[in-house]
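Here chain A shows up in two complexes: once beside chain B, once beside chain C.
And now, the complex of A and B:
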């Protein structure tokens, strides 16, 4: 044990002499969990004390909570997903048995499985809600263009992560949801063929399942991690949104307590959802028996309805191209709407347009749901 | 050497061509269309010549020569069964093919045969069902008597309303059969378990079963049902009243799918609505529907448990047992004795109740999850309280 300055010996000081603990801790700050820059030349305690007492606007309080909440959910998904992967077998013949066995035979398996499912649902809902908040708050102008585009891309990548996850249990609902979802993605020029290339064709067999699995546990999570990193990095560069900024800036110490409180309540919410509203299992998938009411997942219902709304004469790739153009237009919104960043009251046209778009989207979801028969 | 092999090949080809020409003989030179048909049939490959049935000289090179003494020309319809039987009634000739040789004897006992003997030229003779020149083996799917083709073969006459009217028949047995449960299973679902015409009527000895024999015919497949029917009061009562047993309630050709709902209407054909017999029918129906409902409730529970998921393989197997017991009550109902039906429906109900009870118990046994969640929330709120307190302290410190 090495001696401290005051002659006290501690494990921390022993390690401090051999590792740059401050540098290791600063790694966390890169991902926004610890929204402070640590001076890596100073010892950990000193650097932390300095950072913790530095005042900063709280990002872990309403309504700016969604960014950090989505990242915490991502971490929950990573941990629970890893636990599931210990037992999961990604082949068509074993997948269903292994997933039901996780939920039935493994101690705590149901809880982990349900928490994983609910965390995914909440993550997508929060990412979607974040986009809506960014739009109505006008938070995509004035050097925040990258944050807007990252929010859009993060949502799309998260839907792909969700979609690849739905197939993994190889139950009838997951299987046929994926089949219907792929009808939508296959209509998209460039994205459809690219996705088909990645998973090796447009059918669903054991090899495709393995590829979905790799996409689900490696490719999409790392892409999401990179997107979260870029998001936090951009927030650090341009600062938190100034719209509706409260008066109080707090010390980082207080912010960290807020963060812990969020985690506590999030875990409580996930456990409650998992126990009171468990998402049910379906029978094993049978590629030769389509169950009634097979439809794409909720986030693809509107694109599905839109694709089906065109007159029959319009070729499918043109419909897909329209969808893609729509996405690109929304993605490039910060460059199209120059009045962004102003208070909602001063941009009534944008607010009205946004409300209309939301209504149309909701109507399309309703239509997409009713295009298929009852379940 | 090369020349020798070519010569051999040519000689071989000539020899086979000559052998082939021999079977249809010279007849095919004029009757080329018949020859084409004949060459597709089974008789050609067995070395039967045209002259076997038609007489004449197969080797003659002139029309007069071919149609010489012994030439029979086209056999008369009434002579055809006997003509076919000249070979097919010969035990020694049929033995190598393992074919029966009693078809002619059977035919003579059939409605077709008896009417033919009385001089009716419209009834079916051998060639109407088996074909004339292109007679194929029974197991050849192109044969008219291949089992799958039998209903359409019989319908050639029995579906002909004008022809049937001559015999006073106004129904259409083929249409009825096709609409009934047997016809739909055989024609639409291609089930070989379902009967075609000959399974009930016979083929060569085709005759409608007599009034007292219907249960024997149906009992070939529905053996258990027949046993209970024989033990019940209906057998004697129906025979005394001249009713066609099974067909009296189930129809002969247009047999609808059997179900308990039949008990509401079929009995009323003979029994009054307020009669003891109709009450018995109502009791039997009630026993069945109660058990069916309980099985259905148990099935819903099993499905609910499977979605959690719990182990349900055993419950599914036991529900299958319950359904079997319930199905067993169907034949027993033909004995018309509630005391005999009740053990079966009771067994079905008790299995269903057992399964339901066990699943309820399992589902109720999950209460500890909610208790655990309550404890977990208690712990979470405690943690939150500590965090809020620490946060206040930190906020106060940062203000100083």
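And now, the complex of A and C:
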């Protein structure tokens, strides 16, 4: 059809007759690149024109950039991670040698490694900040329940991705961080045994390292991709949050311009952090000597502190159960708090509770840090 | 009116149930197979392999302990007397740090939260609650053998 239009022949119309370009564009836009739906039965140009004739919501603009920012960071992680995987060897005897060789011998190896590390840190921070913003903005009300729960689950899966990544270099810090982190996960009923089953044991040996690797490069990334997909599809169904509504309509050009601005800013930030604040490897791990100051990663400091602050009589699985109950309560928040969606001024109790929770969490992080000696 | 349609529908009903049955069985089988495949082979060792050789007995002074660098559960061998040797786990029962032998005090010290254990693995101080697990140990031709 399109190919015959006016007898004009262009590459696009040639392809259009053989591939559903609109469907491909629509798939890409599913990951938050275009805040509008495309009619996949129409040729690309027509579908785009139609989608753009409707006003676009203010998109990819502060403060609504966290979703798209986290997805771009995920892409950065996937690309840099695949590059690292060209050299990395997932066995206890080879791992440390291979990562130090990436940093020492491979051109740009340090940069790729540091970008991967910093992108992981930023991803977790942004996913956490997004949950905080959803909460204080009351953006978990009617028909946004799924978005809230997806945000929670995405954060947890991302922490698992980060956790499995930290063991891979098999350096002392990564190794003992993982030992500490597993003390926390082992306390969780159901999740602890499941995780131990998945990684093939409760110790840290070569088999466990290889399984951490597979979880790290295949399982968690695919899960994250699926979660992002669900998140954006839910946003396109229920619309962007109306709470922080900015100026109304925009053209596609403006939206793309905003996106490019974000990418430029992000890559600048990543490169700056990677070059000026490198987080270098520790010495090779020695499973028979614990270095001072071994502590869980930052996102597990508060759960660690909570687990350790129960009176000694309380068995560990009960403490873990308490943690899990807390998580489930927050996960189901949209069904517990029916006043969400109202302006912050109209829900002072929820705002006060949230602020208190943040304070307690911060105090627990402080405590978790000081449970262990200096590094 | 029981025409040919009814029988073919009936037959199709049977076929549908058969297909569902097969799919259910296969799904179950695939699930069981998948889970048992993921279950890591147990590291349970044959009797001969459970004997860990922990070095010479005579070079270990009386009252001294030596760290045996072994697998996920490192252990200490302690020479308690002229002829006797004991073995305790070297993993702190608090949060799994590997203990250090302090020869001056004759105790096991934890580098993490200052837990301390005596030669027999009894908690002396610090956060640990449980004593260190013991392993049977013996001396054979000047070699310390620990049964793990």
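Here, the second predicted complex is superposed on the first by the 361 of 375 C-alpha atoms of A that agree within 3 Å, B and C clash if a C-alpha of one lies under 4 Å from a C-alpha of the other, contacts with A are read in each partner's own complex, and residues count from 1 in each chain.
FYI, contacts are C-beta pairs under 8 Å (C-beta built on N, C-alpha and C of every residue); 3 or more make two chains touch, one makes a residue touch a chain.
Model, not experiment: these values are computed from the prediction.
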Superposition on chain A - do chain B and chain C clash or fit: fit
Partner chain in contact with A:278 - chain B first, chain C second, else both or neither: first
Touching partner for A:104 - first (chain B), second (chain C), both, neither: first
First (chain B), second (chain C), both or neither touched by A:260: first
Touched partner set for A:292, first chain B, second chain C, both or neither: second
First, second, both or neither for A:200, with chain B first and chain C second: second
Which of chain B and chain C A:53 touches, first, second, both or neither: first
Contacts of A:312 with chain B and chain C, given as first, second, both or neither: second
Angle at the Cα centre of chain A, taken between the Cα centres of chain B and chain C once the superposition is applied, in steps of 10 degrees: 40
Which of chain B and chain C A:372 touches, first, second, both or neither: second
Chain B versus chain C - smallest C-alpha distance in the overlay, whole Å: 5
Chain A - residues contacting chain C, complex: 179-180, 183, 197-198, 200-205, 207, 287-292, 294, 312, 371-373
Chain B contact footprint on chain A (complex, rising order): 53, 55, 100, 103-104, 110, 250-251, 253-254, 257-258, 260-261, 264-265, 267-268, 271-272, 275-276, 278, 280-283
Of all residues in chain B, those that touch chain A in their complex: 306-311, 369-370, 373, 376-377, 380, 383-384, 387-388, 390-391, 394-395, 397-398
Contacting residues of chain C [partner chain A, same complex]: 38-40, 43, 67, 69, 71-74, 90, 95-98, 100, 111-113, 129
